[in-house]
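In the two complexes that follow, chain A is the common piece, with chain B as its partner first and chain C second.
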Partner chain A sequence: MLDLIIRFSPLVLVLVGAAAVMLADAFSDKGQSNDLSTVTFWAFVGASGGAIGLWVQGDTMALHPLVAPFLAADPMALLLDAVIAGAGAITALLAGAYLREHQMERGEYYVVMLLAAFGAMVLVHSTHLLSVFVGLETMSLGVYSLAAFRRTSPRSVEGAMKYFLLGSFAAALLLFGMALLYGATGEMELAAIATALVEGSAHNTLALLGTALITAGLAFKVGAVPFHMWSPDVYEGAATSVTAFMAVVVKVAAFTVWVRIAVVALSAANLADPFSGWPPLVMGLAVASMLVGNLSALVQTNVKRMLAYSSIAHAGYIMVGFVAYAHSAAGGDEGAGDQALSAMLLYLASYAASSLLVFGSLIWAGSKGKEVVSYEDLKGLGRRHPWIGVAMMVGALSLMGFPPTAGFIGKYYLFQSAVNVGDGLIPLVIFAVLASAVGAFYYLKLIVVMYMEDQEQEAAQAVPMRSVHLWAAIGLAAYFVFRIGIAPGNYMEIAIGAARAL
Partner chain B sequence: MSSWILTALIAIPLVGALFLAGAPRKNEGLFRWGSLAFMAVNLVLSISLLSSSWETPGLRYVVDIPWIEQFGIAYKVGLDGISLWLVLLTTLLTPVALFASWLSVNQRIKEFAIAFLALESAMIGTFVALDLFLFYVFWELMLVPMYLIVGVWGGKDKIYAALKFFLYTMVGSLLMLVAILYVGSQYHALTGIYSFDLQDLSRVALPYSSQIWLFSAFALAFAIKVPMFPFHTWLPDAHTQAPTGGSVILAAVMLKLGTYGFLRFAMPMFPLAAHYLGPTIAAIAIIGIIYGAFCAWMQKDVKKLVAYSSVSHLGFVMLGIFSLNASGVSGAILQMVNHGISTGALFILVGVIYDRRHTRLLSDFGGLAAVMPLYAVLFVITSMSSIGLPGTNGFIGEFMILAGTFASNALQPWSRIFVLCAATGVILAAIYMLHAVLKMFWGPVTHEANKALKDINLKEGLALAPLMLLVFWIGLFPNHFLKPMESTVEQYLARYQSKLVEINRDDSLRLLPPELASGAAAPIDEEAEQQAEQQAAARKPSGDHYVVGALEAGSHTVSATAR
Partner chain C sequence: MNTSGLMLFWVSAAVALGSAVGTISMRNPLRAAVSLLIHILSLCGIYLSLKAHLLATIQVLVYAGAVVVLFIFVIMLIGPTANEQRAPRAVGTRILGAVGALLSTSVLAFTLVRHDAQLLPIPQCPPGAGAECGQFGGVTAVGAELYLGSMVPFELVSILLTVAIVGAIAVAKGKTTATSPKNEGPTTPEGAA
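Take a look at the complex of A and B:
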């Protein structure tokens, strides 16, 4: 039993953190949320440290039979634990600054956030359709309520409502897909499903239909076109600290479980030919996401909406890696397949760091009474507050994929792995780089308004907030943006290790 | 130890930028003089590069340390006779441009100084990078400071111009990135290891069909930067909106990165494609020469006129490069430097008059020679250098390019026609430049505001002095500048030819022997070196002028049979 607790120490620590925050909130006076944010931060740091420790230790303890079919503690799960907990730690700091400044501090925020992160971590450990669904719902319910956290704001409630309704619909699709897959194979464990599909005992049409439905359900969670309708409204309506959490943690967890299902359960049967099964679906989703995401982001006036569409576009880039994996797996090239998977993982990590930096800077720029949400609010910011300007610019350049930041390495690695597959994917890569050139335009617009335009005199100027929590969060995010951007070597190694073990 | 000079050249401006970023904003003088001090150290350091023995070809000051080992990406820098003058041009022109900027830039001094230092670092990095990944990183890094310089300190339509500049360049370079990745993955397929080292990647012999695509991707990125017709439309916008210092750097150094890219990467890596597309590119270059000249002639704004003249002049450089003989290529490299000097000086001169009159329209001037005699003298000298009057630097470069094109085997059977058309460009250059000089300086002073204009002052004179010196130095003693690149160009062309012959014989995907690779460090194997020396000695009549000797070059050119 102790083995089990050690093996799952990241999850356990997050749960313990949630319990501790709940208790602390019950026994403390109101208005102490800053301390709760610190507790949450350390819980996440502990979880992240636990995951890293387990990775370093690297032995393969047999799992307790209680969880064995449901959860795995493999390198990939540990890596993603570290990413999710790290992102959780930074968003906890952001929330500590943001909620206090805008007087929304309530202890339950941190409890819900920890529990949602717990759900996300269960998700990345899942090796069974049941635990996938439980993890997904735990995460989603937490995020739904976080999205509605700013309950006095109609936009926040509207966004959360949309998210909840559409999310439930997507969950139904996913569940239906799982049911069909179970019906087709008689199995719910991912590895067993693969065996059933390979042995030919499965009902192929049902399995294919199930695959399509599961793909649709997960595409909703990562915000891929055409299942993206919710994201701009939710991103815009939710409190910015929630948006940051959602943009990063949900996307990372959903992509991971998608990879796991596609690679472990559905690969063997479908990948004899890269143009059957889920790969063509994913390719379609990738192209649509890059196209619609980038073009829609161009015309936004609200920065958070722009970032929502840009995150859709990023989902599209990540799926290029997915397609690359499918092609190399079909070609029997395992090395290239691992590389494609690890490229997706690294891209997720770099996307997380750069998004957190941009959202952090947005939070930083505003204070009580005047939040920064539109391009209008950002005008002249770079001149009035150079440090915020620099932080935002670095974040934007990283999302754009500009050296020497994490975003560039992420894109480079992703596109390299797609090119390595062979000539077949070159058109897709060219499409992706052209799409990111379109993307450059709206990220540059951030820099344009910050540095090259002046605010009208009469307009109310946002005053930046002052908070040690926030500065710590920005510092951490910036560190990772440059760390991955300048010396990505060992991160690549870790990502490859995770992909190889899958 | 000396091999770290190039790294120091990249690092010093960067350290300067970080140092100034931490300095308190109040002290303006610190930013103005501090930034120049860092650049001055760089200039002195770069001059010490000349001390190397440039009689032998090959790369020197090579530093090669692994960066991202999983993909064989290395920090590899080095210098040869091709990049030598371009690095020196950068270290000279950047402080000159910054010094000239300090005469007119009064806002956000701190950021301006930081942007300029970062820009210098990235430009030097691009010229010395020998790893394609590293090259791409520097190539992209260069964009941001320039984007900010145009967009923050620029004129009325600065945002439009800055965005256009950024996006044009970015589209081209992203496609180049895909091409780089493709060659890298082909190398991996052949050898099982990754590398982005030019020396390794240039050993990959690619089939004709992929070479065409890859060369096109590289060529697009570089052609946008040069800029070649029809990708030049960002240039007049960027130039007219940029502040004086930005225009100087843009014209004097950044455009050279495009032509340099052709020479360093696109042609040695894909010689077969370069061979078949060469005449087409040369033809486009000639269209650019004539089109740019006509556009310049029609301009009412003198800064735009200079901008379009750049399109025209860089057409000459491209023509020289694709003539693929010693005279043409050396002339092209020299002309890159010449253009940097004369156009840089022209932009500074235009900035001087703009600061006084706040207009750049030709019609607003007239008779300035009477009011500002010294200014007029400098402007006329610079114009002459731009036109290519004998005795000035422009003459040497253009003459060598035209001579090289005339004798070019690579451009057969059109070389004579090309020379004829390109020579028209020289005449047109005289027409538009003299037209501008006429409108600005001769005749009566028609505008009241022009009567009280002050002549050029000491600081402005100081900024222009080194450029004026170089106009005549290169013009009268071109061998001082041609000698160091001579052996490198010889070797470059010999390698290009043998690689072309080898791939033309068999264009299947394979790894060529190491001696056909580009970017090898000096000393290379002695036999080839001796051969190159003998060839050079045999080709050059004793004691004769290099230009004349170069005319007979290209005898070893092989014309591949048409496909």
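Take a look at the complex of A and C:
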């Protein structure tokens, strides 16, 4: 029992944090101000530390037979635990600043956030269709209610309602796909599904249909085109601290579980065939996401909507690595496959750090009633408030992929891994590079507006907020953006190690 | 499956399909709720034809007994004559929707009908078999699977329920109470409950 608690200490610590916040909120006197965001921050830091400690220890002892089929404690899960908990820690600080400034702070926010992050962590540990589904629903229900947290704003409620209805539909698709896969193989454990599929006792057409439905359900969660309709509305309507949490934690967890299902369960030759299995499906999603995401981001006037479309485009880039993995696995090149997987993991981490920095700067630039919404509000911000300008500029450059930031390393490593696979993927890589060149346009527009344009005299100016929480969050995010960007060496090693162990 | 089991299956399946269409197409919310009730009861028949007795019982108790009754309560509270205001939808959208639905349904139906997977047999109890054979789909068998085999997902569901409850409170409170805790008045009995 103690062994299990230690092996899953990141998950346990997040749950303990949730219970602590719930109790602290319930037993505090009315009017007494609690710093629940700091409690949440330390719970996440503890979980992150637990994951790092377990990684260093490198324990490979077998798990209890009751747990082993459902949850793994392998290096990939630990790495993503650290990323999710780290992102959770930063978003907890952002929430502490944002909610207090906008007078929406209620204890439930932190409880739901911790539990949603717990669902995300279950998801990255899952090795069984049942735990995948329960983890996904735990995360999604939490995020739906966080999206609706700003109840006084009709936009927030509208976005949350759309997200809830479409998300439930996607969950039904996923569940149907799982049922078909179970019908085809008679197994629910990912490794056992793979065995049944390879040994030929499974039914192929059913498995293929199940794969397609599971892909559609997960593509919704990562926000890939054509399952992206919800994301601009939700990103725009939700409180900015929620948007940051959604953009990072949900995307990271959904991609990880997608990778695990595809790599572990759907690795049979006919399903993972580069031309007739799920890889061409993923390639189509990648191309559509890069195209639609980047082109739509160009024409947005609202900064949060622009970031929503840019996150759709980023999902497209990550799927390039997915396709590269499938092609190298089909060619029997394990080294290139591991490289592609590790490039995806590194990209997820760098995307998380850069997104948090941009959303953090957006929160920083506004205060109650004077939020930054459009490009108009950002005009001249860089000269009026140099620190905010620098933070947002670094974040935007990192999302764009400019050295020496994390985004550059992520993109470089990802595209390189796709090129290494062989000539077949060169057109896809060229397309991705062109797409990110289009992306450079709207990120640079953000910087140009901040530094080179002047606001009209009578326009309402956004007033920056002052909060220690926020400064700490920005500092942490900026640290990771430069840490991955300047010295990515051991992060790459960790990602490679995680990919090898899968 | 024997003849009576097959008959139960086909009748239940036909009623389930019909009432499902009724649920989404009825204009009157009360009729839609009753169609849902019929749908749930016919699903119960399908479970019975698969020898899942416990699941069938739970279906009646939880869905028919609790969920639909709750729906009907809410509909009666709002007023059963409350009709939604529908904006007239363009013909193009309707045709597109119908084609999409038809296509996806036929792909699914085609694959499912044309499958060559071996069907997993439902355990049949020959006369004179032990008592444990009849347990398939019963309380003991389902309980053992739920609490022993699938203990981890079962425990994870408790977290799922917690996040659902706290999330519902978070959303509901946002509208009713003042956002700053200092402005809150004395707790009302409703608020405490």
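The rule is short, and it goes like this: the second predicted complex is superposed on the first by the 491 of 502 C-alpha atoms of A that agree within 3 Å, B and C clash if a C-alpha of one lies under 4 Å from a C-alpha of the other, contacts with A are read in each partner's own complex, and residues count from 1 in each chain.
Keep this in mind: a contact is a pair of C-beta atoms (placed from the backbone, for glycine too) under 8 Å apart; a residue touches a chain by one contact, two chains touch by 3 or more.
Everything quoted here is computed from the prediction, not taken from an experiment.
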{"item": "Combined model on chain A: chain C and chain B, fit or clash", "value": "fit"}
{"item": "Contacts of A:444 with chain B and chain C, given as first, second, both or neither", "value": "first"}
{"item": "Chain B versus chain C as contact partner of A:426, first or second or both or neither", "value": "first"}
{"item": "Touching partner for A:15 - first (chain B), second (chain C), both, neither", "value": "second"}
{"item": "Inter-chain angle, chain B to chain C through the CA centre of chain A, in degrees rounded to a multiple of 10", "value": "150"}
{"item": "First (chain B), second (chain C), both or neither touched by A:115", "value": "second"}
{"item": "Contact breadth on chain A, by residue count: chain C or chain B", "value": "C"}
{"item": "Touching partner for A:134 - first (chain B), second (chain C), both, neither", "value": "second"}
{"item": "Contacts of A:254 with chain B and chain C, given as first, second, both or neither", "value": "neither"}
{"item": "Chain B versus chain C - smallest C-alpha distance in the overlay, whole Å", "value": "39"}
{"item": "Chain A to chain B touching residues, read off their complex", "value": "383, 386, 397, 402-404, 408, 412, 415-416, 419-420, 426, 429-430, 433-434, 436-437, 440-441, 444, 447-448, 451-453, 487-489, 492-493, 496"}
{"item": "Residues of chain C that touch chain A when the two form their complex", "value": "107-108, 111-112, 114-118, 120, 148, 150-153, 156-157, 159-160, 162-164, 166-171, 173-175, 179-182, 184"}
{"item": "Complex contact set, residues of chain B against chain A", "value": "67-71, 108, 111, 133, 136-137, 140-141, 144, 147-148, 151-152, 158-159, 162-163, 166-167, 170-171, 174-175, 177-178, 181-182, 184-185, 188"}
{"item": "Chain A - residues contacting chain C, complex", "value": "15, 22, 30-31, 33, 66-67, 70-71, 103-106, 108-109, 111-112, 115-116, 118-119, 122, 128, 130-131, 134-135, 137-138, 141-142, 144-146, 148-152, 160, 183-184, 186, 202-203, 205-206, 209"}
